[in-house]
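Order of writing sets the chain letters: A, B, C and D. Residues in each chain are counted from 1.
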Amino acid sequence: MKRFHHSSTDFQDMGLGTRTTGRGERMINQDGSFNVERRGLSYFEEKGIYHWVIAMPWSRFMLLLFGGYIVINLVFASLYMAAGLQNLDGMKAVSSGGKFLEAFFFSAQTFTTVGYGRLNPVGVLSNIIASTESLCGLMALALATGILYGRFSRPSAKILFSHNAIIAPYQDMTAFMFRIANQRSNQLIELEASVSFSFLNKNDHTKREFRNLRLERTKINFFPTTWTIVHPIDVDSPMKDFGPNDFIDHEAEIVILLKAFDDTFSQTVYSRSSYRAEEIVYGAKFTTIFGQNDKGIVRVDLHRINEHNLVELPVYEPDTIAEQESLSSLK
Amino acid sequence: MKRFHHSSTDFQDMGLGTRTTGRGERMINQDGSFNVERRGLSYFEEKGIYHWVIAMPWSRFMLLLFGGYIVINLVFASLYMAAGLQNLDGMKAVSSGGKFLEAFFFSAQTFTTVGYGRLNPVGVLSNIIASTESLCGLMALALATGILYGRFSRPSAKILFSHNAIIAPYQDMTAFMFRIANQRSNQLIELEASVSFSFLNKNDHTKREFRNLRLERTKINFFPTTWTIVHPIDVDSPMKDFGPNDFIDHEAEIVILLKAFDDTFSQTVYSRSSYRAEEIVYGAKFTTIFGQNDKGIVRVDLHRINEHNLVELPVYEPDTIAEQESLSSLK
Amino acid sequence: MKRFHHSSTDFQDMGLGTRTTGRGERMINQDGSFNVERRGLSYFEEKGIYHWVIAMPWSRFMLLLFGGYIVINLVFASLYMAAGLQNLDGMKAVSSGGKFLEAFFFSAQTFTTVGYGRLNPVGVLSNIIASTESLCGLMALALATGILYGRFSRPSAKILFSHNAIIAPYQDMTAFMFRIANQRSNQLIELEASVSFSFLNKNDHTKREFRNLRLERTKINFFPTTWTIVHPIDVDSPMKDFGPNDFIDHEAEIVILLKAFDDTFSQTVYSRSSYRAEEIVYGAKFTTIFGQNDKGIVRVDLHRINEHNLVELPVYEPDTIAEQESLSSLK
Amino acid sequence: MKRFHHSSTDFQDMGLGTRTTGRGERMINQDGSFNVERRGLSYFEEKGIYHWVIAMPWSRFMLLLFGGYIVINLVFASLYMAAGLQNLDGMKAVSSGGKFLEAFFFSAQTFTTVGYGRLNPVGVLSNIIASTESLCGLMALALATGILYGRFSRPSAKILFSHNAIIAPYQDMTAFMFRIANQRSNQLIELEASVSFSFLNKNDHTKREFRNLRLERTKINFFPTTWTIVHPIDVDSPMKDFGPNDFIDHEAEIVILLKAFDDTFSQTVYSRSSYRAEEIVYGAKFTTIFGQNDKGIVRVDLHRINEHNLVELPVYEPDTIAEQESLSSLK
């Protein structure tokens, strides 16, 4: 029985596991979702109705809304017919098809509580149905209000990521960098980044390894323009032995989690993304995208967020490193 | 007068106290509630109306809704009758029972603001009642909207726990483990676990003791699949002297608190659970539930979250421990 | 020019300042508000309309609602009259007073969108007014929905504080203690306490001093029953020289801030309170309020939260302290 | 390859960058927005519809509401006309202009669901249009409810900043100070400040430098009255070499970020502001704004938050500093 060495406090586990990805697949898709299939749960067990209705695209939501409206009116029109259409006062149609249609529209007038009143229920049964329907209509309105509010008020940090990450010269070494910008005019406050480096194990290519990348800085207070997130590739970096082809060979993927406070929605928001080996440019420098407009105010051109020039990287000198390593181990 | 030794910062008090459970009862039920009865407060003092209406089951909520609707209409129908039913214009019924029914339905038409208008109030008193009722109807709608939104938008981390916790081989020692999965497709971010070990005091069986269990890792950034939470049973572990029967004898219960950020609801969520002695399998290993589907994408089978094989645990060698303890105390 | 010694990180400033209280007044009232008057701001500047409407008592809110409803209908009735009451079709009244009343009720029918239709607008002007009014009615409903939701969904940690704080024997010294309980069945998670000791300066009685009280523990994970918050009065405690009368003489007040996560509302909640010198019982012990019901389940009796027995405190031995102090300073 | 020296943990990056401001422009405007122009995004891409509709001024919001209402009614009136106005039962107008107006008002009655019923649709086509319109009306109401709630419930910490920051005597050195007050009666809890000092680089005036200012205290628990935020200008302060004119010459700007928990809205709120060189008074002292009212309760006069008296600052003695610096470097 031994003493277990707990991982140091600054270790960050991305929670992706050694088996999360199939070969050749990226872990995190461009929209922030994961490349994982889950079995053993029904659709609604997995989603939850609220989540489902909040997250569906607007087009489908509209279809559902109008479809549901028609179905509800068909159901209630049938109920009114079952209760006897002679109990709907004020009908003008004479054919039974026309009468059903009038019952359908009466139902719509009741459900939306518009209640013109030319058509109106007479007798106990029709009145019970109509009273129930108008209550259902109000409840549906109450629900719709909550759902629409939920759909609109969901905060989403729209962070623009540079299409490529780069390996760039940095001080007298190199660094892994990518650039982000705030796509919305929402103020993002206290923006924090955590970046993890994932690659296939050298010896066992069915296993993935994960390393945390230490950043030049992990947090900024304001985010009005852009932020170039920098991981200096020093002797402690897990990237220090990765040459241009190593990223590809080890199916490297850099996974990014951003956290911020959105001042418009007054809520904490997260944003996820990842860079695959193919998206890393080895030897490049981001160009500035700052300018000044006529009034002397700083201008940022977000279209150029990925703009970079290819540059040569400082030569890798194994001897110097070894030397320095031994020196630093002496400290 | 002495100097008090404050508990170290990583100590976590679960807040359950030494007297929280009766003998033989579990502290935390499967639904996360506590086995405690509280006296001295009225029902509404304890619950708060909003909490009560938000947390009740849907079936009771619906019953309350329809029941309240009928009661309100009965009350207002009586008021219209008191004001004189001749002041409701457009009645077709002749019997007094029929007239009351028409007043009832008129009330429903007013409360839901459908207002067909065949029936309509004439005279000051009936109009005052009707104006008041329609205002009440709108307020009820406003309330219902808030309540329905509250009911639907309450985030709930649906974490699936393995039915059993296990004592498994781990590196060259053993570890206490259980496995969790995200039952929803909601993204849970920055998932944190704190696990506490509770057992009856060796000498005084009416008292419970609580110990914090140190985990292999306490936090993961993403939670797309599963997480096996591991407490290595090393020389510092409060479980180090617990054999297979000791858990039962001391009525052990392991209490778990999980905290995460739900990306769908943009809110912090918590999940509670516990394992009782009977639910701990001494000597087992979880089987992998990862696979790959046709497209090479990782597949997780949540039905098999509790799947484990029985295995033999490494033999406990008291001498080695004592030796090592004395060694480590020398450092 | 010197180097400023920054206060240690665990120092907590309550923000109450040395001049916050008048002589003989408590800083924090029982409801958590402060005994401070602010000048220089208009009522609405200070409150904000939303805060005002959310925080007012229900009785006043109801009055405002009905009062506003009557005023709005008076205004619109006047407008319909100005547009010519002959343009309201279907009137039955003949006197001008009766006609104004009918216009008033027509306005109510329009504002609440009940729209029976016996009364209905004819002509452009009346129609414009009616169209505007029904839109206003809908907006009012929308507003009311938000306000009612805001009023109901405001989380409030209802923490029950023992009426008295006590100085009790604790291990082989004494401790300052008070007991709290959760008055609601809401789950409070990760409950944190910070407690500050305020007293008049020995030499200058117009100035207040503040000291942070170190607690036996500052955080508990769950809060199903009660929590006795304990500040051990050791050699480092600012209370170590306070005898029974010193609390009164120095107008001592202990200020408490509690923070927790409310699992029902999914929100962080705070609770404030304070104990004044008169509320501190010097030499007492809280009695247990735990019992078991018939089924062996633990029962807590919240009525007895303040129950305590008077006890004698261990004698204060100055010599031992001095000795020990000199010892501890040697370390 | 070297080891990168990561910035110490207490370093705070404001995220404003070295190129954020044009010459002579302030970085943060009085309303907390930034002096930056962004290009490359359409208006709605940048804002998001919800943000746009939540943040617009009330006057524009009202205009949009009424304008939209008129446009919608014009559209539906045209549809009813296209379906044949003879299918709207109950018309009283005879001219085609008058008939269109009646269709317009019928549309309004349908959209707001007031539905008087004198005018009512006959025939399939008109009924379909009317059913659709009343559904649209309900959805618009649902939307408006969410938007109005969003507009009202947005928390905003209204922090009053003293118009000037001052350099004041402090203990036996000087300090940079400004004073803030809570403008609302909302309780702000756990108020935290972070303050950053920005100035043009001595050698390259096109570049800005940023330094974090260490504060006497960075957090207070309560904020009932005022808080004077103090940065002591000691040997470590980036302001230690700045005389009265240096602030102006280097276009200094002090950027402030405040964070607190608003107890009324139960949400975290942020407040931003900045002081420019011209707003710094070199050599001054804030006067007390505390008093007592008749009942002995403390009174704060917020009108006088900026009140300060000019004072002479202690003389700057370079020798003593140098001496002390060398001493402190010996430690």
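Everything below uses one rule, namely that a contact is a pair of C-beta atoms (placed from the backbone, for glycine too) under 8 Å apart; a residue touches a chain by one contact, two chains touch by 3 or more.
All figures in this text were calculated on a predicted structure; none of them were measured in a lab.
Steps from chain A to chain C, minimised over paths through touching chains, total 1.
Two copies of one sequence, chain A and chain D, touch each other mainly through non-matching residues, since under half of the numbers at the interface are common to both.
When the contact pairs of A-B are matched by residue number against A-D, A-C or B-D, over half are shared only with A-D. Centroids built from CA atoms put chain D at 37 Å from chain B.
In this assembly, the C-alpha centroid of chain B lies 26 Å from the C-alpha centroid of chain C.
Those residues of chain B in touch with two or more other chains are numbered 109, 113-117, 137, 141, 145, 147, 149, 267. Those residues of chain B that touch chain C in the shared complex are 1-4, 6-7, 11-17, 19-25, 32, 34-41, 45-51, 54-55, 89, 109-110, 113-117, 119-122, 124, 127, 130-131, 134-135, 137-139, 141-143, 145-147, 149-150, 154-155, 194, 196, 255, 257, 259, 265, 267-270, 272. Within the complex formed with chain A, the residues of chain B that make contact are 65-66, 69, 73, 92, 101, 105, 108-109, 112-118, 137, 141, 144-145, 147-149, 152-153, 158, 171-173, 183-187, 189-191, 214, 216-217, 219-227, 232-236, 240, 261, 263-264, 266-267, 288, 290, 292-293, 295-304, 316-317, 320-321, 324, 328. Partner chain B is touched in their complex by these residues of chain D: 113, 115-117, 145.
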